[in-house]
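One chain, chain A, links the two complexes that follow: it is found with chain B in the first and with chain C in the second.
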Partner chain A sequence: MSRRSVPGQTPAATTERDGDGRRPLEPVVAPPRTWRERGGRVLSLLGSLQGYIGLVLVVVAGVLTKGDVFWNQQNLTNAVGAFSSRGILAVGETLVILAAGIDLSVGSILGIGSMTAALLLTRWHLAPWEIVPLCMAVGLFFGFCNGAGVAWLRVQSFVMTLASLTIVRGLDRQSSDNVSVGTQVVDANGQLAPFSAAFQGLGTPGHNILTGLPLPIFGRTGVYYPVVAFLVVCVMFQLVLSKTRFGRHVYAVGGNETAARLSGVNVTAVKIAVFSLSGMLAGFAGPIDAAYSASADPLAGTSYELDAIAAAVIGGASLAGGRGSIIGTLVGALILTLLDNVLGLNAVSDNLQLIVKGLIVVVAVVLQRPGLLISLGNFGREFTRRRTR
Partner chain B sequence: MLTGPPLLEMRGISKDFPGVRALQDVSLTVRAGEVAALLGENGAGKSTLMNILSGVFGSYEGHVLMNGRQVSVHSPRDAQQLGIGMIHQELNLVPELSVADNIFLGRELRTRWGALDRTRMDRRTSELLSGFGLRLSPRRAVRQCRIAEQQLIEVAKALSLNVRVLIMDEPTSALAAAEVDRLFGVIRNLARQGVAVVYISHRLEELDEIADSVTVLRDGRLIGRRAGREVGHAELIRMMVGRPLGDLYPREQAAMEGGEVGLLVEHLNLRGDQRNGRAALHDVNFRIRSGEIVGLAGLMGAGRTETLEAVFGAQPRRAWSSRMRLNGRPYSPRSPHHALRRGVALLAEDRKAQSLVLQNTVRFNISLTALGQYRRWGVLSRRLETAAVNGMVRDLRVKTPGLGALVNNLSGGNQQKVVLAKCLLTRPRVLLMDEPTRGIDVGAKAEIYGLMSRLAEQGVAILMVSSELPELLAMCDRILVLCEGRITGEFHRGDATQEAILEAAMARTPVLAPGA
Partner chain C sequence: MKRLSRGFYGLAAAVFLAGLLGGCGGGGGGGSSSGGQQFVVAYSQSNNAEPYRAQLNIQLQHFVKKYPDLKLLPIADAHQDSATQVSQVQNLIAQKPSVLIVSPNEPAPLTAAVQQACSAKIPVIILDRSVNTDCYTSFIGGDNVLIGKRAGELAVKLLPSGGNVVELRGILSDQPQIDRDQGFRDAIAANPNIKIVANREGKWLKENATPIMQQWLAQYPKIDLVYGHNDPMALGAYLAAKAANRDKEMKFIGIDGLAIPDGGIRAVQLGELAGTFIYPTCAQQAADSAEKIVHHQPVSKKQVLGTTEVTPQNAAQLYQQYDFSKQQ
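Coming up: the complex of A and B.
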């Protein structure tokens, strides 16, 4: 008897046993029948759309107060373009948060990424397609260190990444002697040097990153490379999370680490991987940020980690792990950036903006709570039943 | 005593959850000094009813009366003020705090100066615990106590609240026989003092011993109420499942003699660890043939779980040493991942803490271990996954609204089936089962027993740990008994008796004192 088989693979063996007076087969998936069930479905659908309510509110507020000034492609792409590098950080942050960790070092890694890019550009005149992978490698290295500290040395992720936040920032400032490095290099004729122009393509509308030439497709429409990069990263990682075994394992580790381990998930590897990916994405965001602001500042990316965490959390990720998605984070990032934009257009003072943004985080998280609408629906049903009695 | 006026009455209680009517016009009456058993399959509504009584659910339809006066129970605080206490099946203790701190959590005793009065709390704790013969330092962290001890601590905590109505949700599910006897002593004592006890259990044998009345629920409705000792098991089971149940234990024929050895374990030694309560193992040897079901009996802390975990690679590799062979080939499990790849699966003891991602779906949980089978070019095929998961759900008769339902919302028995389905999708050759029927109802138990027999017939080697001796006696071809990390007895089907097993299990250990 060395045949490898279990009931799932041998239907014949199981049907024989069904007839011995035990319970009849229960239907696995019951179609909705009553109006109550249908109502419940509608409510839960609404519940799953909750995440977009905040976004809709912000857009409505923008349109109502500023109309066309807000709702035109130029303004919107500018707004999102300014946020793209932080959005990319938020994607990596989401991976870490899903695995029940937190990564405070992404802002610093973005900083050292942008500095690396600027130095490679000004000293060795490298092309963007050489600079970007190198910056990603730098970020990957620091992310791996975070992951190793968390998984192997069992340092809590908050502590580990708090340490690397300061270490990496120190390295960043040391390597630049505390001066910012401009990325717009002028040649003898007073023209922007070709390698520099190519690099600037990473941060300006409609340029090919390989040639630095304007892209005919985007042309005048003003689509930023940062925006494209952000969206591509979002799509890629959403697919990784929902369509690969690795993605499932990330959710499992965040949801119940013991269960994941006993289910054969290599918890150590998953943890190291999410931190490495987060670092790599931060490194990727570095050159984009440098090109966008045409310089690498030693303080670039400071406190970006907070925006990244805020975007993930507004997007429905739970800091306890196991719940959240990249789509949610994308929505969270859009809420933050458009809110910034609307407040800016309405000439709200910076100080007031900070206060409003903070409040929005709390309000958004409460609104995001799964089942809020469902419990409202329950309340409504109970209310009407009491009235009719 | 049992003819007095009712202390607690619940009349016409109904409760809805989204899409489900959990309770429909259920009534329950308990007199002072009565032990009222509440019986029903998982999902029958027992827990819902008791959660209403203890104020966990704020809203319900119907009336609750204490001493004939209508009261409203809309929060746990209301319940506490009315003298209603509940011991949940899932323990509610703070692991990092000490035993005394847990018992007095939220109502700590203080000295005149406002500082914590540890001396008084420790003394009171010791009194409470020694009331049922548990010798345990009050300063010990709960984390370091075994599950049985934690359960008794929880009982002590409820008792310290001076309850008039005490609800116990399966208090014995993790206790060994001797500990159950002790707990029953405590319950009888309470009843003598006029406390009304509502006792939820799946173990019918216990009801004979302890219950004055039995109330049976099914599908959220009241099926009937019987006086305790005048009702037979067959009738109770019929009331619970709605139809007579076939033989509970379907295993008639023993495994073939001389089948090939599936798992061979020689000289298994495991270092104990005080900090996480890991018991040590000393030179454990056994073999399991394929198609054989072998039981592992013993008291709490005897090393049963540790044995399974070592074979599954879930104990740190440096903590144990052994020569193992799997189907004749050397086997040295470095990790659960490794063990699963070699065809060894573990059904862990605590399904919520160790097996399930509760906030995720049935589909996610069942396919988690076997995801590698459903990949095409590195991408998960939802079609293949759904087909496999659906097959399992149908085979094991998991009652779920759909594959997308959260596991957290399933009943205990169905959660256990989800865990089993997860194990089986890996197509194990050796299945390690730790308390496979703990805390699940009779119907689900029978189904799991049937499944085990079927697996054995298909040549799977099964090693099962259980604290329920009748289950071991009925299901196993052989029973090994562990005591303090050593094998102190081995019985073949036929010559095993409860007495002999218990004797071996207590061969050289005072009951309930692992490291106390």
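Coming up: the complex of A and C.
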């Protein structure tokens, strides 16, 4: 039931019992009086902010090396936009990981979602608001199949989703005849067809939605749909996890399945639900991916599941289940994409980038570990307490 | 629906052929030189899922059909896995085809399999990538150094007073990447004012090229030409430049020139690419060579094919010529 690794949530504020059965320390309420107490407060604050440290380091590195070229709205939108579809996969992946499962099929489901979008667009000229729900339904179907296999047939989630990874990819390739499908359909005069132009709003670079509306920060230039969709999905699912009974059940199933079952949680339903939601989100990300490249490639989304798992893990999710949060995954996704951006802007060689990215994953996970900086925080609190006694 | 039925007929044909071959097996020794005169051609493809190879498959089926005495077995797809391809080639050898065509996934692992075919006295045609043995009848492939050179010559022509070039590379360890880079650099050396200011690995993928190009646009106020090692990467860069409203101040060159709606020839037609270069699929030459081999006519050991430059002037005509989706 632990939510210790939710960044921004002070461990001291968590009053319920955590997963290891240890009772968190009592909150310190006395106002600081001496510099030693203040020092203790700073240390414990650092402990609670540890989830953001990796992100802050990457941003600082970007600002120090590239300044305005890095820190401007356009570059940040580009960087986050390039990762949005994988970020949405990571949200679904986090749900599954929280319930102590793993979903390897999200990349393939994104692929078939993107192909579905392109085929619906080019063959039936559907509008974006018709395409997106249909793609979500396709993803939901495959996600449900995963969940049914895991919960009813009792296939381990790694095996079940590994199988659907290849099955769904096969269907994707079959439906496209192995040829990529472009989404920019032009008429005889070389003009973009209206249905094709509407589809660009789903994420073709340089095409914003809600243009003309006076929006905070963005003004009247509109917003870039992939970024907004990613952030909205993050907020929605964070609320579901932290505010609803279903959310608590997900943590319960991941923390201790037997205990959850004995306390009346419908474990089967929770498992099917998390895989279905993960599939649905992958289907939702499909049209974004298709619009981003202005085409649906039969191989689109290959190995995206690894990026999604990396984002969740960097964000503090434990593959053992029961620990992690969507906000953490958001931070993990931002670290991955901004790191790529900073390395790219600094023209770091491709081979060195691979090494650096791998190292950062390890460093970020170690930084995330409750106990590294929290122990620092605990030390700070102990330190304060001993002095005031 | 059309595709489904095609697949069904393919399956039916496969079952029928398998039965036929099984029946012949007892008769001994290939057994295809009797009155009906049907020569079986087997083809091992390294990966159906690349658009270029999907196109190759379609074209090979088309050209083999032009020879009524040739019969193409269902194409074996190795899914980009050399071990799979070795066993598939062995299965094809067991069916004793008159000609075996192989598009090797990697040279070293496929060498032994090709030698097995050779010792079974089956003539082998190697497409596109080499194997480390001489024991084949003919090699047919494109010349990536030449294509890179032609792309470089186009860059020199487009930038008479020099300029800044950015290069999107394929997977760095792939031989076509090495050759397309080498040829391009050799050719642009003709004008010392042309500089490659940045190059990065886009891994042949459109979705990788877009964010890389966005980063370059943020860093370099002046980019005059984008060289993509394939059309999807050049087009991914085009999307980024168009979004930044800078697509008009630079030219885009790609390679591959596939005649599919999402391919390079169409992009030249639409004015997105300044030019692209057709990387030959070798399908027609493979079918022609197979026909010669079964009739014991000589074929040259090594057939290196040239390229065709796709320009806004010839794009429409080339698209028609190479579009095999409607000719089946």
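One rule holds in what follows: the second predicted complex is superposed on the first by the 309 of 389 C-alpha atoms of A that agree within 3 Å, B and C clash if a C-alpha of one lies under 4 Å from a C-alpha of the other, contacts with A are read in each partner's own complex, and residues count from 1 in each chain.
Note that in this section a contact is a pair of C-beta atoms (placed from the backbone, for glycine too) under 8 Å apart; a residue touches a chain by one contact, two chains touch by 3 or more.
Please read all numbers here as calculations on a predicted model, not as lab measurements.
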Touching partner for A:Ser295 - first (chain B), second (chain C), both, neither: second
Partner chain(s) touched by A:Val179 [first = chain B, second = chain C, both, neither]: second
First, second, both or neither for A:Val159, with chain B first and chain C second: neither
First (chain B), second (chain C), both or neither touched by A:Ala82: second
More chain A residues in contact [chain B versus chain C]: B
Partner chain(s) touched by A:Val363 [first = chain B, second = chain C, both, neither]: neither
Contacts of A:Arg261 with chain B and chain C, given as first, second, both or neither: first
Which superposed partner A:Thr204 touches (first chain B, second chain C, both, neither): second
Partner chain in contact with A:Val232 - chain B first, chain C second, else both or neither: neither
Touching both chain C and chain B, counted on chain A across the two superposed complexes: none
Residues of chain A defined as touching chain C within the complex: 66, 69, 74-75, 78-79, 82, 173, 177-182, 186, 190, 204-207, 289, 292-295, 297-300, 340-341, 344-345, 347, 350-351
Chain A-facing residues of chain B, complex: 18-19, 59, 241, 243-246, 250, 256, 259-260, 290-291, 312, 314, 327, 335-337, 339-341, 343, 346, 348, 353-360, 364, 367-369, 371-372, 375, 378-380, 388, 390-403, 421-422, 424-429, 443, 446-447, 450-451, 454-455, 457-460
Contact set on chain A toward chain B in their complex: 1-11, 13-14, 17, 20-23, 25-26, 28-30, 36-37, 40, 43, 243-245, 248-249, 251-252, 255-256, 258-266, 322-323, 374, 377-378, 382
Parts of chain C lying in touch with chain A, wherever the complex brings them together: 3, 48-51, 53-55, 172, 198, 200-201, 205-207, 210-212, 214-215, 218-219, 232, 235-236, 239-240, 242-245, 260-262, 266, 270
